[in-house]
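Take a look at these structures.
In the two assemblies presented below, chain A is common to both, partnered first by chain B and then by chain C.
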Partner chain A sequence: MATPTKYPTEALKCWPKAKEIRQQYYKDYASAHDRGGIRWSGGAWAFDAVPMGLGDDVHVMTGEPYAASIAFDRKFAQECQDATDARGWARDLCSYMRIYWGSMYLNRFFFGGEFPKPDFYYQTQICCSHAKWDQEASLHEKVPFYCIDVCVGPYETLTEERLNYVVKQLHDSIEGMEKTTGRKYDDEKLIAAVHNECRSTSLWAEICTLNKAIPAPLDEKTMFSLYVLNTLQRSSKQIGDFYEELRDEVKDRVARGIAAVPYERCRIITDTQPPWGFLKIYRYMEQFGVVSVGSLYTFGLEGIFGEQEDGSWGPRKTPQQLGIKIKTRDEALRITADWNLSRPQWQHFYDPAIKTRMMLRIYNEWKLNGVILHLNRGCEGLTVGSSENRLGLIKAGVPVMTYEGNMADEKEFDERRTTSRIESFMETLGLEQIPGAVAAQAAS
Partner chain B sequence: MIKAGIDVGAKTIKVVLMEDRKIRGKGKVLSGFNQEESAKEALEQALKEAGLSREAIGSIVTTGNGRKAISYASGDVTEPRAAALGAVFLYPSARTVIDVGAEEARAIKCDPSGKVLDFAVNEKCAAGSGAFTEAMARALEVPLEELGPLSLRSTQTIPMNAQCTVFAESEVVSLIHSKTQKADIARAVHDGLCSRVVAMVRRVGLDPELVLIGGVAHNPGFVESFKRTVGIDDVRTAEEPEFVSAIGAALAVGK
Partner chain C sequence: MIEKFKEWYINRHTYAKQWKEQTGGKVIGTFCTYVPEEILVAAKMLPARILGSHEPQDVTEPHIFGMFCPFCRDALAQGLKGRFNYLDGVVLAHSCIHFRQTFNSWRIHLPVEFSYYIPMPNTVQTPHARSYHRVEVENFKKAIEEYTGRPITEQDLDRGIEILNRNRRLLRKVYECRKLDNPPLTGEEAMYMAVTSQFIDKEEHSNVLEAVLKELPERKLPRDSGIRLMAVGSENDDAEFFKMVESVGSTVVIDEQCAGSRYFWNESVPNGDRLAAIANRYLDRPPCPVKDYPAHSRFQHVLNLAKDYRAQGAIIMQEKFCDPHEGDNPRLKKFLEENGIPTLSLEFDSTNPLGPFRIRVEAFLETIRGEELF
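Moving on, here comes the complex of A and B:
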């Protein structure tokens, strides 16, 4: 077998900053009350720009990335899930939810100290678990809960009436938050937050689009640590600024041909959250010269895409880029509602065919050789329809492999079987392990 | 050069010695807790049958779920690849290989050289594998080797809804209590197993040139039920189906 081309690689300069922002985020949340600030919790899909109108000292902790952090620590993850199971909850519920609840029931914060009780919960309902997750949490913590129903159909069929339905709920939630916190709402802060939200999510889409380059400047395992900032608080200026810096660095990597995976010769995408405690499967794939350039999940969970002038997929133009000046609360809420409803990862809840279309678009535009689908028992929301996606991809001639697992419950993941299955899939793609890649990993 | 193929399965370890694409010896032992020791024992059996000494072996390639556990092997191949190579060696026209072992079942689509084109494997669940028939034989209080012949005496089809081994066992118990004939229950068990296996076959695409391999292919009740479920009469079953993957592993030497 001929030795494949070895591309130059470099560590990402922004990497330490991403870690720092994430660590500071959890510290700020935990200590918010000490500084007279407000804490709210909810999901990564909550309209996080909206509570920003309550002041600059408002801190959020979104549940999914918090649970994902714990999932990486398999021992504590298991303790949390056991605590939830012990209260009689079913084991097949969302594993993030079971971990978050467990951490709350145990009163142990993963980053040290007691579990920080929020002042209120704020969430959207599109996934089958989200509303119930925060309903139970709010009952346990005895704090209010606001939930916005966003199940208005796919974005391509959005009407004025459907948009109004969401916007009206956002107006109501502001009234509720004012009552809960006793604070007067500041529309200027909301407008700034909406601008930042659009900027952060459009920038992430732009960064993902840069991964169309060969060699890919980013691999998905690295992207997991970068996309997460938008799941923490996409309406934060600091996070928008970070993505600008990252975008510039990735652009530079593309210009200089810097690769994420040195022996890239096969490009794939995956699907849904990975089994967080077993990210080494991505490193294992690299031994075959395979780079996962992302997934609809890493791209579209928090990246907002739009069709570009040439018909390809890329970052959706922000209101600022379109010259739109937001003047009122209602305008800001309409923009954030419309922007979030266009989120790629919200579309498949209505029809798996929409997701298949998006995956095929990625397959073609990102120049892929295959797709690996994680049939994720820990997240029914994102896995629903995966088998139909598989059939749709196969029908289009895409090589597909599936494996069962769970993003956060290691009991449902079989490492040996999965790596064995990956090896077989590599064989079908005509790939063998590259001795240089194996040796380099063994040495690192 | 003598090439050894070792299939380190969940229940048994199979060894095949080959020279110039001819089988010289075979060995089979229970896997036990120490797979490495059991593999040595199976290797000794095969060497004895072939009348060879250990030094005669030029290369050892392993396959099966414990393929990484054998320290003295010179390499290993994936289960689908070994199964396909072995099946095509025995039946050159084979394009779909169905391998049902104790713990895993898989359907493989391959080309004339034995290259795997696509595959489907049962998940972390015993319902589509040999462990399923073992559990059902226990519930019926029938020796495993009699379960297949018993099911051939069945005269009627009983739908068995359960796709899970644990639920299926309780369903078998209910059928026993409702005085259902054991032969009919045995057939229902095989039909249940086959519905899982055939679903995998359909995932990779059904090619009528198919071969059944793996230990469960010894079970005539399973084979009959498979033919019925898949709708093909001419299903070939390897003479010693449990050795096919070990043959494939031996053939993989140097490939």
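Moving on, here comes the complex of A and C:
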């Protein structure tokens, strides 16, 4: 076997900053009340720009990344899930939700101290679990719950009436938040937040688009730690600024041919959240020279894409880039509603064929060799339609492997079985372990 | 006459094929009970709800991952096995992600002349759902008109509304009889009545209901009604289960399920705007948990039913993997128990272990009877 090319690699310079932002985010949330600020909780898909109009001291903790953080700590994750099970909730419910509830029931905050009670919950209703999650949390914490129904069909069929339905609910939610907090809402802050939201999510799409390069400047395992900032608070200026810095660094890596995986010779994407406690499966794939350049999940959970002038997929142009000046609350809400409804990861909720089309686009434009689908027992929302995606990809001639697991409940993940399946998939792709890659990992 | 419903239940596919031959009309498969059937009936179509068969099946594994509810897989299996090959079209009104998969796999692998997705609001409590859903009902009407090539007039809509409302009223009257000390019909029989209204021609169904209503005052069941139970929870048309429950000293006197009362409980209230009346009817009906936000408005309705029908206990029937119900049940159970209604929770699959279920039901009934002693 010929020795594969070894690309130069470098650590990301802005990595420590990403870590710092994340740590500060949880500290700010926990201490918000000490400083007279406001706390709200909800999902990573909540319209997070909207509560920003309540002031600069409004802090959010989105449930999914909080639960994913806990999932890395298998012992605490288990304690949280046990606490939820003990209250009678079914064990097949969303594992993020079960962990979040458990942390809440136990009154233990993963980052230290008591569980910080929010002033209100704010959520979108698209998946069967999301709205139930915050309905229960708001009842337990005895705080209001604002739920925005976004079930208006796929973006490609969006009409004025469908958009208006979402916008009207957003208007109502502002009135509710004003009553709950006793604060006067500031439209200028909302407008700034919407601009930041569009900037952050378009920038992330741009960063993902840079991964079309060979070698890929980023691998998915690294991307997990970077995309997460948008799930925390995409409407924050700090996060938009960070993504600008990251975009510039990734551009530079592409220009200099810096790789994420030194022996890259096979490019794949995965699907849905990974089993967070077992990210080493990505390292295992690297031993075969495989780089996962992302997934529709890492790209489109919080990246907003659009068709480019040359017909390819890339960042959607922001209102600023289009020269749109947002002047009123209604305009801001219409833009955030439209922007969020175009989220790639919301489309499969309506039709798996849309997701298959997007995956095939990624397969072709990101120059892939195969796809690995995680049939994720922990997240019904992102696993909806996965089986049809598999059939659609196979029909298009794409090599596909699946494995079962759970993003946050280790009891539902079989590591040995998964690595065996990966090994078989590698064999079908004609790949063997690269001794240099194995030795380098063993030494690290 | 009451046996007619069971006969229809068993021979539903034969019925639909014969209806089609006799009328030359179109049969439209409805996914979930939120499809505004008034529009289909106004267009002289037969709405036929897609249900499962409660038989083991091995055909859906490539299409729907096994972590999704057995009902959505069982329903798709019926299509893949060719049992619904008479359908001219399929319609889904937005509800849970589980059943949406059935609809989408159906569209991909079992093409029909007409398929339509109605993006119905899921947060039915927001006041904005009303004007929005009216538009979606109107869009659906237009799509049907385009498909049939015939306009649906106001008179057609009035007819559609009245046919549906009459059927709902009659089912309510039948259910009213279940409030009696000795109900003249079993829960199993009531289930056949309610569920068949979801796929039998509504007028024909109503005619038989009317005839049965005449018989019911004189009807005496050759059995002691025993403990009065309520069935509450996910989709369930498992007749064998009801039969078993009622064979061990109880009668199911009321249900809160989409195969039963949730389907027909309220009417379209004419208000001059026919489409708004239809749209509002589906927003105002007893909600599936997937649509019950931000408050649990459903809980009080469940309790009211339990009280009105003097249920002594409730069986919470949980379809395995059904997230919307799983997201309600622990609080619903607590709510019912705090209000004096003991509960028994059972997890359902497409096929169910009646032996172990029987033991649990018997134990539950003993507990209730024991409380009566003191």
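Just so it is clear, the second predicted complex is superposed on the first by the 444 of 444 C-alpha atoms of A that agree within 3 Å, B and C clash if a C-alpha of one lies under 4 Å from a C-alpha of the other, contacts with A are read in each partner's own complex, and residues count from 1 in each chain.
Just so we're on the same page, a contact is a pair of C-beta atoms (placed from the backbone, for glycine too) under 8 Å apart; a residue touches a chain by one contact, two chains touch by 3 or more.
All of these numbers come straight from a predicted model, not from anything done at the bench.
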item	value
Touching partner for A:421 - first (chain B), second (chain C), both, neither	first
Contacts of A:5 with chain B and chain C, given as first, second, both or neither	neither
Partner with the higher number of touched chain A residues, chain C or chain B	C
Intersection of the chain A residues that touch chain B with those that touch chain C	375
Chain B partner contacts - residues on chain A that touch it in the complex	375, 399, 404, 412, 414, 416-417, 420-421, 423-424, 427-428
Footprint of chain C on chain A - complex, ascending	87-90, 92-94, 125, 127-129, 131-133, 135-136, 138-139, 145-149, 151-153, 161-162, 164-165, 168-169, 172, 349-353, 375, 377, 380-381, 383-388, 390-391
Sites on chain B touched by chain A in the complex	65, 78-81, 115-119, 121, 123-124
List of chain C residues in touch with chain A within their complex	61-65, 67-68, 94, 96-98, 100-101, 104-105, 108, 117, 119-123, 126, 128-129, 132, 135-136, 289-290, 293-294, 296, 318, 320-321, 323-324, 326-331, 333
